[in-house]
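By letter and in written order, the chains are A, B, C and D; residue numbering begins at 1 in each of them.
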Amino acid sequence: MRSCVPQDENFERRIRESFSKQNLMKTIGATLSRVLPGEVEISLEFRDDLTQQHGFIHAGVVAALADTACGFAAFSLMAPDAAVLTVEYKINLLSPAIGESLVACGRVIKPGRTLTVCSGDVFALKDGEKKIVATMSATMMSIRGREGLTG
Amino acid sequence: MRSCVPQDENFERRIRESFSKQNLMKTIGATLSRVLPGEVEISLEFRDDLTQQHGFIHAGVVAALADTACGFAAFSLMAPDAAVLTVEYKINLLSPAIGESLVACGRVIKPGRTLTVCSGDVFALKDGEKKIVATMSATMMSIRGREGLTG
Amino acid sequence: MRSCVPQDENFERRIRESFSKQNLMKTIGATLSRVLPGEVEISLEFRDDLTQQHGFIHAGVVAALADTACGFAAFSLMAPDAAVLTVEYKINLLSPAIGESLVACGRVIKPGRTLTVCSGDVFALKDGEKKIVATMSATMMSIRGREGLTG
Amino acid sequence: MRSCVPQDENFERRIRESFSKQNLMKTIGATLSRVLPGEVEISLEFRDDLTQQHGFIHAGVVAALADTACGFAAFSLMAPDAAVLTVEYKINLLSPAIGESLVACGRVIKPGRTLTVCSGDVFALKDGEKKIVATMSATMMSIRGREGLTG
């Protein structure tokens, strides 16, 4: 289903540079835990300042992790001068996001010159168990030649 | 399209209490700027620590505002003892979220005993102009009688 | 929110020609009831051979009407040599599709050179009343210069 | 990720009965090619009267197959007296639906008492090759005790 040959052999470096410029990821304490061609994983330790009213990690944070993992998964297969933007995503929240940490895994389902379709899953790790908390499908767009948009 | 008679006359107080318990909203500096039956607005001043790699407000923040506005719009029409959970949402990102501030408006499209369907729009305010940056459709669920879930 | 100046003054003729080539629309008996710049309406008489197991019009038909209305709404604002393809859509089914007829209205929310975002609503007409049965958000893509894809 | 123990040992018979009442499936010539707990496959031979303007199978048909496969996948795990309704779905159209036939496979991702989340993929079979043409995520609802809604 995937065609995961990167056009840019330095894709991991580009992704790590771009991730480090995402202030929100710093603000919420997310880290880039795995970078492969067409597959990116982002991790987050549970923090009390990221919760919603029931004490679960807020859906907005869950979605931000999955969206970012999907975006970089798409980016890993794009041309060296491309920037990536999220066109849209849909997320189903399957279980409360509680536990010691969250891991979001984004994967390319269908790469394309302009649009890349990804899917992402977010898991909560709790007491040594891994439970799916959300699943996302996303459309990413490759932008080239637009001033100021790199990475 | 809407049937906006609240079942609980104290809906605004319940929403403000619940919002104040959403730590993420505090963390990102969001405020509840408008509460009506079936319609809730949340505002956010631009902050540099909430950006993605191109300096726009991160889609995760945009989505969190819209999701929260939709959730409380649904909540405003629910029974006094109900809690609200997001089942799913889909968001289209229409323009970069740049400007002085963002306003997310969530509205009930179809209320229901168990499920309520909402739509949300997020606008950026910049130099006196208001521009749509994202549009969401969301399904919210009313949960009753589950211990620990109120608001 | 919309910028509805057609690039092609013959947009209505192009839409009617393209619609007439959609065999599925003929098969299910749908008609193009209204064509405006950025807004298209499709109508369908209730037919027993289009139902699901409970006797309602099948969600697939409801979605096909909304998708087609959204696609042509986007197409109405595209260049004369463009073809339109659906990238993705999401649909919420709000009420059973029962009644004498259905009307699907698609509107452009955000036109773009490559991608156009639309929203669509489907209404059931029954005993003189109009009731919303589904709401859709869709991303449409303009394809140019690809052999065999016109309309 | 799945918990696929059917509550009703006669789930396959219930699904086949319900499918046979879906007039639309008859109208478009779809068949129920595989029924497992939590997983259902529906097949369709290419037919010229189901196309859109470029000669591909219309997205509405592709979506109807995936939606129906997901709905029955959810239904296979529901209580014997439950009916199933589609709450919402999102579909990404990945490639033109061309070929000798289509196969839609729906799977339960997360079963639940009220809501069941499913994912579905649609493949085109052409010249002995199988290519993904669409991917769906869907929320299904179990309805019990509502007169006239069975299956």
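We take it that a contact is a pair of C-beta atoms (placed from the backbone, for glycine too) under 8 Å apart; a residue touches a chain by one contact, two chains touch by 3 or more.
These numbers come from a predicted model, not from an experiment.
**Q** Farthest chain from subunit B, going by the mean of C-alpha atoms per chain?
**A** It is D.
**Q** If you tally contacting C-beta pairs, which comes out ahead, C-D or A-C? Let me know.
**A** More contacting C-beta pairs are found at C-D.
**Q** Taking the mean of the C-alpha atoms as each chain's centre, how many Å separate subunit A from subunit D?
**A** 29
**Q** How many angstrom between the C-alpha centroids of subunit C and subunit A?
**A** The answer is 32 Å.
**Q** From the mean C-alpha coordinate of subunit C to that of subunit D, what's the distance rounded to whole Å?
**A** 22
**Q** Check each residue of subunit A and list the ones that touch at least two other chains.
**A** 87-88, 90, 92, 117, 137, 139
**Q** Within the complex, which stretch of subunit A touches subunit D?
**A** So the residues of subunit A touching subunit D come out as 1, 90, 92, 94-95, 109-110, 117, 119, 132, 135, 137, 139.
**Q** Under the definition above, what is the set of subunit C residues touching subunit D in their complex?
**A** Going by the criterion above, the answer is residues 18-19, 21-24, 26-27, 48-54, 58-61, 63-65, 67-68, 83, 85-93, 148-149, 151.
**Q** In the complex, go through subunit B and note every residue touching subunit D.
**A** 87-88, 90, 114-115, 117, 139, 141
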